[in-house]
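This report concerns only the one structure given below.
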Amino acid sequence: MVLNNKKWDEKFWLRMREEVLNTWHTGKDVNLKLGIEYHKSLPLEKQFDYVLKKGEKEGKILLQPRAGVPILKEHIELLKYLQENEADLLPTTIDSYTRQNRYKEAQFGLDESLKEGKSLLNGFPAVNYGVRGCREIIENVRIPVEVRHGSPDARLLAEITLSAGFTSFEGGGITYNIPYSKDVPLENSLLYWQYVDYLVGYYAENGIIINRESFGPLTGTLVPPCISISIGIIEALLAAEQGVKSFSVGYGEGGNIIQDVASLRVMKKLTKKYLEEFGYKDIHLTTVLHHWMGGFPEDEARAFAVITYGTIAGFLGSVSKIIVKTPQEAIGIPTKEANAQALRNTRQTLQMLENQYFIDQKLVEEEEKVIEEEVKSILDRVYSLGEGDWVIGTIRSFSAGVLDVPFAPSKFIHGRVMPIRDNNGAIRFFDFGNLPIPLEIKNFHREKIEERVKFEKRPVSFQMVLDDIYAISKGRLIGRPKVEGKR
Amino acid sequence: MVLNNKKWDEKFWLRMREEVLNTWHTGKDVNLKLGIEYHKSLPLEKQFDYVLKKGEKEGKILLQPRAGVPILKEHIELLKYLQENEADLLPTTIDSYTRQNRYKEAQFGLDESLKEGKSLLNGFPAVNYGVRGCREIIENVRIPVEVRHGSPDARLLAEITLSAGFTSFEGGGITYNIPYSKDVPLENSLLYWQYVDYLVGYYAENGIIINRESFGPLTGTLVPPCISISIGIIEALLAAEQGVKSFSVGYGEGGNIIQDVASLRVMKKLTKKYLEEFGYKDIHLTTVLHHWMGGFPEDEARAFAVITYGTIAGFLGSVSKIIVKTPQEAIGIPTKEANAQALRNTRQTLQMLENQYFIDQKLVEEEEKVIEEEVKSILDRVYSLGEGDWVIGTIRSFSAGVLDVPFAPSKFIHGRVMPIRDNNGAIRFFDFGNLPIPLEIKNFHREKIEERVKFEKRPVSFQMVLDDIYAISKGRLIGRPKVEGKR
Amino acid sequence: MGEKTIVLGVIGSDVHAVGLRVLDYALRSAGFDVVNIGVLSSQEDFIKAALETGARAILVSSLYGHAELDCQGFKEKLIEAGLGDILLYIGGNLGVGKKSWEEVEKRFKELGFHRVYPPKTMPDEVIKDLKEDLNIG
Amino acid sequence: MGEKTIVLGVIGSDVHAVGLRVLDYALRSAGFDVVNIGVLSSQEDFIKAALETGARAILVSSLYGHAELDCQGFKEKLIEAGLGDILLYIGGNLGVGKKSWEEVEKRFKELGFHRVYPPKTMPDEVIKDLKEDLNIG
């Protein structure tokens, strides 16, 4: 079979499906028909896409935490607690062994956790629990639940959780590979995710709308907007081709409010445009802001500032939902209380901002223009490299550096782009790698960086990038050099 | 002697001074000459006005907490802790008995506090400690300290604390009377505060610049901007006449960011204008934002949101300093840790906002115009009622309702103005009382309120005002009615 | 005066006027005859008002942290004035700083208050309690 | 290879790459010969790299919370491979959730690590320790 951007043949899918369901014993219990029936029995309030639409109608930005613990009972308690504390949408974050399909290690971690009565896994091992265990989650909460993970190959995870009644599934062949793997070729992950999208499409054909979400933040660390937006659009196109009908594009807060708002707007506008242009006209498209995804301050009071601060961009960018960080981000997996604190903090901020659209439209539009041109020029090249096929274009683009992600562990990318903040904290390119950015815009980046160079009286260097990586965790947006004699 | 806005005669002052120093035994130890000498020996870093200027030069917004406990040693520990936790300027908040000149009760509270080893007073009883005790504070910290209180009659307090080396003194004949007293006539408080201003002027003549600050927030509860700005300007003029050379006008956050930024700008611009117009050209003028001064949410996570949110207006309004609230505001006098948390939260926010002036100038300017006209029209009337004398004008204006403060306890005001939030959360007038607001602007307020009436489908009423009073403490800016069936 | 007369005020050197305003409005709306003596009221002010109006309850508000000091001996004075049986509530921010609520409540019950309310009490609550304690429908 | 060779990597199924990048840069700048085996490295990967390069220290990074599981038996394997004496550091976010640091440190010392670093350790610190432990000027 050739890997390309064509809707799969059902037979091909069914054959692969057999294999997939056999990779772990819980696969046997997956039954598509029963799964679909179960979904049909779900009240509207438990359906992700319905709640997203309701939020849009009411002009309410929905809040979703991250949360997942290995012991089922505790996981359910956790989710119930969060739904009583301002969560509109629930997550189930999957542990890292499961993400890498290491179900045996996940089982060991789960057994040890049960034995020691404490969490030794960093998430919920859904595959090990199988359909029955997972469904207990859905049964015990009253709002929708999404699977959040980071797996290049989530085929079995998707089969099990969707059959169990989860109504949203995060990830994509790019966004859950490049930041989450070292040596999984894109050819593989794209194929695996076509499988997942096809599965979601299959549900859709049977009247069940499952939301699919792309993981916008990538490495969470100074990712220039054009990169995550371009990749989000590609994943939307790929999903749509396999029959997905509800799709969310995501964006990790950068920190400069103008740039973030501009990015959110461009992301929505262009994703819509590309979807329509390529013939996918019935997709329900939504947008997501992730609170700052890079290194957090350890101090909770400072972390709260980072959280509230991030909420502003989400509000001004009119996203559909915000995925909240917690005051314990720098420390470790948050307690349920910390998670609830973050939700309440975010809700308070949003409700104080009600109706306040005070951002300078002109400044936003200027930035929008830049980002829009960048994205278009990247996507044009991807499309032409793929000779009209987005899947092929994606693979060729990453190997040519036309698509690239800073700080990513994957060895299948160039890894040459290097971001840096300008003097207002916006994320610019210190090194463009092979990204096809128009010369004029390259010069714009250089000028912006030059302002900072002049202000800080030091040349651009990797040290400056390092300072930016640490900056927020040390109390500021821009990694300013230490000044002698100043505290 | 007739009370008017004329610089006092030294002899008159000296005569009154004798009386004042005799109201409590610690008054005897005040020695002007020694006080001035002590100030001369202070390093620049301990001088309030110097640090304010340094902040302006560096473009750094200074942070100041509120803090005061009855036991000297603990108070010093507290201040030292705060100066290590992002405070640029220190406070000494005075207890409420001292504020009302009830030194005997303060002494009882102090003695009981010492006996029981816990704070039974809500602040530091500076008068009871006298010059020597107060100076220990100055000796033990390395940054400037301001006296913060709420006394209609702070003459003795000023004599003692300034002589001890405090370099800033908050209050004014209006702002420390109307919200802080029930039956002190303005005639008295204005006279008492002329005394304090004259004293500060006396120091100035001897080369010692002491900062004076007006208490902008008044009752802290939905105070329309034109009211606090008008009063701040009057207090600046009165202080300047008595020889004050460094003056800060303050403003309590209202909650609508556009309106707050506009207010801060108008406050600075008009205070400068009036000072110059009336011949006070050598005043160093600075501005202050107080984080939201009304009822806070009890939940600390929500309170943090209110704090961070307020910082934005201070930043965008380019104030000289922010007086921070704490996450324990709704609960009680904050622990030192809570105070430090608030400082770190505020610093983090400011440093993330560095260089980001993203507010819509046009929207701000529109709001500025409204506020400016309101203030001018109020002050015009005050001036004409006073027949060219600001002190007389102030007294007559309050008794005519030309000046008024919502929710204030004083019986010497009309107390008829009633604020209400519009549909964007800006504070408007539901009842103008006797304020001389031009008709056109009155209509503007009414239109704005009408938008809310339409949106909420309920008439304007005191219930709506009540909802606004509670709103922030219950999680939002605007007091929306409860909707049946909604959580 | 009648069955539904209550005295309301803020005790001591406390000037917090907003809560008082809110309570006044809510109690009146609920049909009580409110004698609002305002902020900065002494123990004597409360007693005088209660005697003059034949009130059935005294509602003391204190926000600023000195409630404990301000209420010392209040009950004794009430008894002296023949008001030993009058219903006595207190609410606001009763301690200085963050204390356990149990501790605070206990302290003020010892001082003779029948009911003690934590910060952020909504008027509905006290109205319900008043009606119950005063046997009003 | 020489005196200053150290092996650096992220253990287990952990993909956190940013800290590694920073450490790599800082250690190189400080004169070390860094053998960076990247993220998602197994115990065997570390041992192989150390054997091949004659490294004097192994720096294990783990952010994602599974460090304890991933490091079980590591010391034993090192001893088996004749690397019983190699200097062994670990750093990152070592527990799942908020735990007392003392507890975490103790646990990893039991697992055979010579030094254990809390989150947000700055590279300077580990460079200083390395120089000290390896007796490098």
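Here are some notes:
Going in written order, the chains are labelled A, B, C and D, and every chain counts its residues from 1.
Just so we're on the same page, a residue touches a chain if its C-beta (ideal position, glycine included) is under 8 Å from a C-beta of that chain, and two chains touch if they have at least 3 such contacts.
In this text the structure is predicted, and so the values were computed from the model without any measurement.
For the pair chain B and chain D, the distance between mean C-alpha positions equals 54 Å. Spacing of chain A relative to chain B, judged by their CA centroids, is 45 angstrom.
Measuring from the averaged C-alpha position of chain C to that of chain D gives a distance of 65 Å. The geometric centre of chain A is 30 Å away from that of chain D, both derived from CA atoms. For chain C, the set of residues that touch two or more other chains is empty. Shown for chain A are the residues that touch two or more other chains, of which there are none. Shown here, the protein chains touch in a chain-like sequence that does not close on itself. Pairs of chains meeting the touch criterion are A-B, A-D, B-C. Chain C meets chain B in the complex at residues 12-15, 17-18, 21-22, 25, 38-40, 64-66, 68-69, 93, 95-99, 119-120.
Those residues of chain B that touch chain A in the complex are listed here as 255-258, 297, 299-302, 304-306, 308-309, 311-312, 327, 340-342, 344-349, 351-356, 358-361, 363-364, 423-425, 472, 475-478. Within the complex formed with chain D, the chain A residues making contact are 95-97, 99-100, 102, 105, 108-109, 112, 119-122, 150, 179-183, 219, 221, 294-295, 298, 328, 330-335, 338, 407-409, 411, 462, 466, 469, 473.
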